[in-house]
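Below are structures written as structure tokens.
Heads up, the next two complexes both have chain A, just with different partners, chain B and then chain C.
Moving on to the complex of A and B:
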């Protein structure tokens, strides 16, 4: 009897060991699958957030690049040379503001989807400062020039202090002001 | 035999994780974003330059620009342009103009110091003249931005230094 039972016992142990091996492989495959899926999800999410950061960074970089270009372009600076940077000429700003197809022309020089504005601060005894858009008529009695601005479109904008040279009847005057450049982000 | 196989699998899994970790760090190295500190450095430098060049509204050469008025605080301390003396002109203009810049007003404290580079200037009581506006504690701040600008008037040279630091 015992000699009959021995092979049965040995076959049962072998079957169990085989099942354990299969289970080990199944579990291992399952864990590896979970790890791979988790890594794919993690990397995808990271990639998406990275793209968002890069995109925001690129808006900022473009705004800063355009700020640098605008405060040193001869189209806006006082005089014909670029020797005095950050000194914008109010007559050039006013003339530019009333140019035909302004945004198309600016786009050719500085790229699309951006705006810029210049605001001069004139000293007054009171702490308040008023804001008046410049037109060809009230060209001396104004302090704000805006180019290709669309209030409804969200934009990333940066500001840099500049001087604005104002031509007066007798001489000229140098005001302090700010140049703002915004890049539309929609 | 089976123990060895399990160990090999564990080692392989560990290697795979290391490879993914390295891949992650490699991708992270490409994350080169816009540097705000560079922008603030440029901002404070341009702010001081623009401030010094701005006209005060007086045509007198001793106080035509804010820079002239700052230099005249040392060179002509009792001189009057119209109804204001040079120091009052410099202080009022600097305060007014710096207040117009929202970035500075909302986020930073500032301190402006002008120093002669060609000797010491004294008033009628032989006290050395100083010109400082703002909060001097800014100079000691850990994270601050500094801009310098040379002002020359006649034969004299002055250095204006503007410090800004984040508000607490």
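Moving on to the complex of A and C:
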């Protein structure tokens, strides 16, 4: 009987060894599959993160581009040409701010989804408040012009210093101020 | 037996895994390659738009050479479709990643290298700026009469194009020539090819001595050329291709025609002429490119000057206390805004003439305000150049 069982044992051992080898390969394949899937996930996640970085960068880029455009646009500048930049005209600021369809017009000129505001630092010694919006009625003793600002919307903003020629005062005064441009990020 | 089955299994299994891994990497490499190509194209297109914007703001001429340097097959698609958020038809550069739209008024002649140049329409109280981005271009003029008006009109066109004389290296060239009958005066007209300054000098010295001129051009034209015929009245046999411009009337409005289009285009300033010349008679899916450019610049001019007039009207109201002339200026600005509120005003002779008349009046009042020291003399170009 033992002599009969011997070949059976040998066949069984070989079968087990073959199955173990196959299992080895199956496991190896499984691990390779896991590595490939991990690689796919890693590369996709990397690309998504790159896109997010680009997207964040594009907000900043857009804000800086708009700052550049606004500091040299004749719609805000003193004078009838683009020969001197960063010198804004308060009479143009006030007139533009009170135009009909202001935000539509701003969108037509500079694109959508952004705001800008101009603030003169010291506008009057007698003023009680440090911030006073310019209106068509009260445009002489004021220091703040705001265009399409929505306080509830988050925005990426940049600021640059500008000069503001107080044309409406008619006394040749120039104030130092700042121009802020924000791109809405929602 | 078991060993041989196992070996066969190993081979088949190995092959399947190898094919799977190879397939994955090849697919990913392909996708990554396309993405990279699109990224580079997009980057070049964005650099081009940034260059256009910089030139628009600074006025400094620049040669953009990245189209030529790129090893990629970079195509520039021009269209004049509506491109939100820009509210007027725009020129876009098409890449595999999408479109990048030019946001400032630009006239574009594509090329591997392009010279980017800023010019303006000076209204006195306002200056409308635009950019020309031109690849190698030869502008061939065909004056059909030797009147001072015809030469003056040619000079206006030449003056509004970039000078490439002093640009070193393989930079793009904008050259000028003359044609009459079967004779082309181009390669040796200025002891070589004429660029802006040389051609202006030639015009100043008079072209009456150039023989064979003042007849329709039938000569073969150089590559990348634009044929511009200047005539008292454009008959179809007067020009074989390109654009024919009739002499402007007393109002300063000129009529122009594109070969094959059958349309009449009213030109009130040099920008309208340049739009027809740079666009030319090339046909695109949207029609004649010259016609598309003409509509494009007129829409931009209308929108921007309309907003300017409305704003200047409000400003004049604020400043009315400093001089009664501001009230007059406000009325004129309101009238200009009324004309420009009509989207198709530039297709009607009476509207265009009316607008030019109002521009003249506005310039007169503005000049008076300048003289009184109420406007900024140092920043304004006076007198304005209204009409042709």
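In this section, the second predicted complex is superposed on the first by the 159 of 186 C-alpha atoms of A that agree within 3 Å, B and C clash if a C-alpha of one lies under 4 Å from a C-alpha of the other, contacts with A are read in each partner's own complex, and residues count from 1 in each chain.
Heads up, the rule we're going with is that a residue touches a chain if its C-beta (ideal position, glycine included) is under 8 Å from a C-beta of that chain, and two chains touch if they have at least 3 such contacts.
None of the values given here were measured: they were computed from a predicted structure.
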*Give one word, clash or fit, describing how chain B and chain C relate on chain A after superposing.*
fit
*Which partner does A:43 contact after superposing on A: first (chain B), second (chain C), both, neither?*
both
*Treating the CA centre of chain A as the corner point, state the angle out to chain B and chain C, nearest 10°.*
90
_Once chain A of both complexes is superposed, is A:92 in touch with chain B (first), chain C (second), both, or neither?_
second
*Touching A:168, do we find chain B (first), chain C (second), both, or neither?*
second
*asked:* Output check: A:176 vs chain B and chain C. Expected answer is one of first, second, both, neither. What do you get?
replied: first
*asked:* According to the stated criteria, A:158 is in contact with first (chain B), second (chain C), both, or neither; which is it?
replied: first
*Examine A:32 and indicate which partner it touches, taking first as chain B and second as chain C; both and neither are also allowed.*
both
*Would you sort A:121 into first (chain B), second (chain C), both or neither based on which partner it touches?*
first
*For A:64, is the partner it touches chain B (first), chain C (second), both, or none of the two (neither)?*
first
*Now for A:72: first (chain B), second (chain C), both, or neither, which partner does it touch?*
second
*Rounded to the nearest Å, state the minimum C-alpha distance from chain B to chain C in the superposed three-chain model.*
7
_Overlap of the chain B and chain C footprints on chain A, listed as residue numbers_ = 21, 32, 43, 47
*Quick one: in the complex, what on chain A touches chain C?*
14-15, 18, 21-22, 25, 29, 32, 36, 40, 43, 47, 65, 68-69, 72, 74-75, 78-85, 91-92, 94-96, 98-100, 105, 107-109, 111-113, 136, 139, 167-168, 170
_Going by the contact rule set out above, which residues of chain B touch chain A in the complex?_
2, 6, 9, 13, 16-17, 20, 23-24, 27, 30-34, 39, 42-43, 46-47, 49-51, 53-57, 59, 65, 92-93, 96-97, 99-103
*Mind listing the chain A positions that touch chain B in their complex?*
21, 24, 28, 31-32, 35, 39, 43, 46-47, 50, 53-54, 56-58, 60-61, 64, 71, 86-87, 121, 123, 127, 129, 158-163, 171, 173-178
*asked:* For a test of understanding, state which residues of chain C touch chain A in their complex under the given definition.
replied: 2-3, 5-6, 9-10, 13, 17, 20-21, 24, 28, 35, 53, 57, 59, 84-88, 103, 120, 122, 124-127, 129, 303-304, 307-308, 310-315, 317-319, 322, 366, 375-376, 378-381
